[in-house]
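Here the structure is laid out as structure tokens; the discussion comes afterwards.
Labels A, B and C are assigned to the chains in the order they are written; within every chain, residues are numbered from 1.
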Amino acid sequence: MTQSLVAIEGLSAISTRDGGAPVLRDVSLTLEKGEVRGLVGESGAGKSTIAKALLGILPSTVKVTGGFIRFEGRDLLAMPRRELSDLMGREITLIPQDPQTALNPARRIEAQLTDGLRLKLGMGKAAAHERALQLLDEVQIRNPERVLAAYPHELSGGMRQRILIASAFALNPKLVVADEPTTALDVTVQKEILRLIRRMQEAHGTAVIFVTHDLGVVAKICDRVTLLYAGKVIEDGATAGMLTAPKHIYTSALIAAGPRYDRPNAGLEPVPEAVFRQLRAEIGIAERRV
Amino acid sequence: MTASDLLNRLFMAVLTLMGVAVIVFCLLRIVPGDPIAMMISPSATPADIAALRAHYGLDLGLPQQFGIWFMDVLKGNFGTSISQRRDVMELIGERLPATLELAFAALVFGVLAGGVIATLGTLARRTTLDPALDFINGLFLAVPDFVWALALVLLLGVFWPVFPLSGRIDPTLSTYFHTDFYLIESLVTFKFAAFGDLIAHMVMPMLALGLPLAAIVVRTLKEALAEAMVQDYVLLARLKGMSPLRLVLQEALRNAVGPTLTLTGVQFTFMIGGTVIVERIFSYPGLGNMAIDAVINRDLPLIQGIVLTFGAIFILVNILVDLIAGWLNPRGAAHG
Amino acid sequence: MKTIKPLLREPRVVIAGGFLLLLLLIAIFAPYIAPKDPLEQDLMLGNMPPVTSPGAEPGYYLGTDDLGRDVLSRVLYGSRIALTVAFVAASLSAVIGTLMGLAAGWYGGWADRIISRLVDIWMAFPPVLLSVLLVAVLGSGLHSVIAAIVIIDWTRFCRVVRAETMAQARLDYVMAAETIGFSRSHILWREILPNVAPVLIAVVSLEMGIAVIVEAILSFVGLSLSSDIPTWGGMIAQGRQMIHQGWWVFVFPLIALFATVLAFNQLGNGLRKALDPVMRR
């Protein structure tokens, strides 16, 4: 068997602020080259913690208590600071959640889009400008010169997210972590952005970790899915198989709950309390934590 | 700010200034003690005194006095100083540059020192240095310019006498200046001996006025920077390999200066008010020092002129701050 | 007393409050504490250094001024004027400023427009110059100093109370009170004022510090009180004149002034922090 791009093995972590409450419980998963994997769960399920661990930006309140994250065989958690920061932004990049706050309001698009090219690849101003134009063309932005000269507030939310996607793929990374990149957008724009990420990912041969709480989004973009609850992997497998023949009662309940199970009232059938009770019993949480 | 906003502000400014004028005028007419009595010689006859009163318009009714005085002020004529027997405008023109140079030096010092310390504090956040810095800054925030001035007199004037205790320039230098902006003139005409001496005289009053400002800049800027540093765009830039210093200066600072700038403007107006007592303590020959002398001498025309000058500066600075804030933040206009 | 407890948990309130309480006791019992009569001159004992220096005169712990008056006793007595001015001036400006601020913030309209314009005009005066001017007009003396501070600093309370009242007026409990049918003035006194009070208390403490400074400034300029009455500002001015002969006349009242202002300031900031979550929201 060939080496996986990312291999998370038995990762456990606790929150130092929450009285040592576990945030990840013995999580294992792998990601192959060029694959899109969904990381699904309600808030607090641990999906963001995994994403942050991959990017080397775990908050100081989270402490890893065991396990490894291997990226091409190298342990990210034990990597020296310098090596890690060299890797980040070049081989592992981020598409953030909210395009409103992810672009600096005081800097022009060109400066922000070319930061990585200039800092990581040492490109000159003219070369970076050419590359930026190419990238904008790739994410289907017309008038690239005008957009490069613009400030973020002059562009729409969808436009800004396209720029952030272009920026994430600018250095041909091996892994892109997409942190709920469509949550802040309205539904029509969401679809376009999902299609764009998929196309970029295929064109660059990049693997993507797609963090979301929306099974509908997962169905559209992911090859494989990992479902988490309270820091534990509940089910893991190919998207199609999992959505049509779920193995765990929680998964089926989520599918029944409709496209937006995170808002029970909007779903068709809210996840029954009995399912949560069973989940907690399986994981071993005694008291219900609100 | 649109043109009509600006016009509106200017109109309100004129109204405020008129209010200041009326209050000063009324206040000074109830001053006990006859200003004429202080300037006559013992040999003056009652007729002399009456003539003098008529000369200064003190024999008329109050509304008439105000009318005449106000029309004169509009023409830029503040009358003649009773204690110095010279034109009030001329006296103010001589002293105002000294005060302006001092105030601007203190402003530059306060903003620079505050900006550097806030940046360093932001770089050192989550270390033990950070709470220590906040604690010291809290003490600095509590100390007003008056106490700073006195403490500086003691520390840098007496115990470790590195700076001259009083005045603006060493009179033995006998440098001739064409303008009253000594500091600027000495710099552009390359009179470095005079420039150095002027700076040495200015250091202590400048520190007294600038340190409280620096403390306020540190607090507001640090808060704003802390807020900006947790934004996603800073995280993205960090992932792209930007150094911590560049993160603060290039990514966070520009988005954080807004509130600091507005507050600095407000503080600057307070600081101009603070020059009065600080100039007094260091015998610095500015407008504020002359103002206290004028009050002690019951010199009505001079007091009126000085107070109106301060009021005009205050209002002007406020309008300028609004203009700069609007100009620095184009998004405010874009978002309506 | 559930409002007292969180106050005692705030270290600034405890330390600064404790110091100010001590200062108050010193002021009240100054005649029993002070080792000498603060006015007694002894020209044979002029300019004596503090006890730590060689050549000090026993019994004069902090030395003497040029007229041979005991510096320690004068500093202790100086707290009387400082605290009197602090309490009286801050209370009076708080009352006037609060009334104006409530009127402007609650009734709005013309009341607000006139009061706000008045505040704008007031703000255009340099405060030190205005206080000097006022004392010159009113004549020197304790009453004039207090009056000058009140006339200048009521705007501080007015601005804070007006903004706070406007913020409170938008909250739901005010609307609830209106629907019950309480009168406007009933709501103002019974519903709004108690919610404005925490901020007000903090500003009063800050204002006390400012009043102490203004009194010192006026004494320093020579306009406050006759030199017979020991004041910190007066001693500092006197010490400034003879600073090269004896630093102690200058230093000790300055330390007293500094500590007092710092204490009022820290107490105010501590109160603001401690009272905020308790009484609001």
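Throughout what follows, contacts are C-beta pairs under 8 Å (C-beta built on N, C-alpha and C of every residue); 3 or more make two chains touch, one makes a residue touch a chain.
Fair warning: this is a prediction, and the values are worked out from it, not measured in the lab.
A.B. asks: By CA centroids, point me to the most central chain in this structure.
C.D. replies: B
A.B. asks: Kindly indicate the chain pair that has more C-beta pairs in contact than all others.
C.D. replies: B-C
A.B. asks: What is the distance, in whole Å, between the centres of chain A and chain B, each centre taken as the mean of its C-alpha atoms?
C.D. replies: One centre to the other, that is 53 Å.
A.B. asks: Which integer distance in Å separates the CA centroid of chain A from that of chain C?
C.D. replies: Measuring from centre to centre gives 57 Å for this pair.
A.B. asks: When the C-alpha atoms of chain B and chain C are each averaged to a single point, how far apart are the two points in Å?
C.D. replies: Roughly 24 Å, centre to centre.
A.B. asks: If we count contacts the way the header does, which residues on chain C are in touch with chain B in the complex?
C.D. replies: Per the touch definition, chain C meets chain B at residues 117-118, 120-121, 123-130, 132-134, 136-137, 139, 209-210, 213, 216-217, 220-223, 236, 240, 243-244, 247, 250-251, 254, 257-258, 261-262, 265-266, 269.
A.B. asks: Under the touch definition given earlier, write down the residues of chain B that touch chain A in their complex.
C.D. replies: 126, 231-242, 250-251, 254-255, 330-331, 334-335
A.B. asks: Going by the contact rule set out above, which residues of chain B touch chain C in the complex?
C.D. replies: Touching chain C from chain B are residues 12, 15-17, 19-20, 23-24, 27-28, 30-32, 138-139, 141-144, 146-147, 150-151, 153-154, 157-159, 269, 272-277, 280-281, 288, 291-292, 295-296, 298, 303, 306-307, 310-311, 314-315.
A.B. asks: Report the residues of chain A in contact with chain B in the complex, numbered from low to high.
C.D. replies: Within the complex, chain A contacts chain B at residues 55, 57, 60, 85-86, 88-90, 93-94, 96-98, 101-107, 112, 115-116, 119-120, 151, 153-154, 164, 167.
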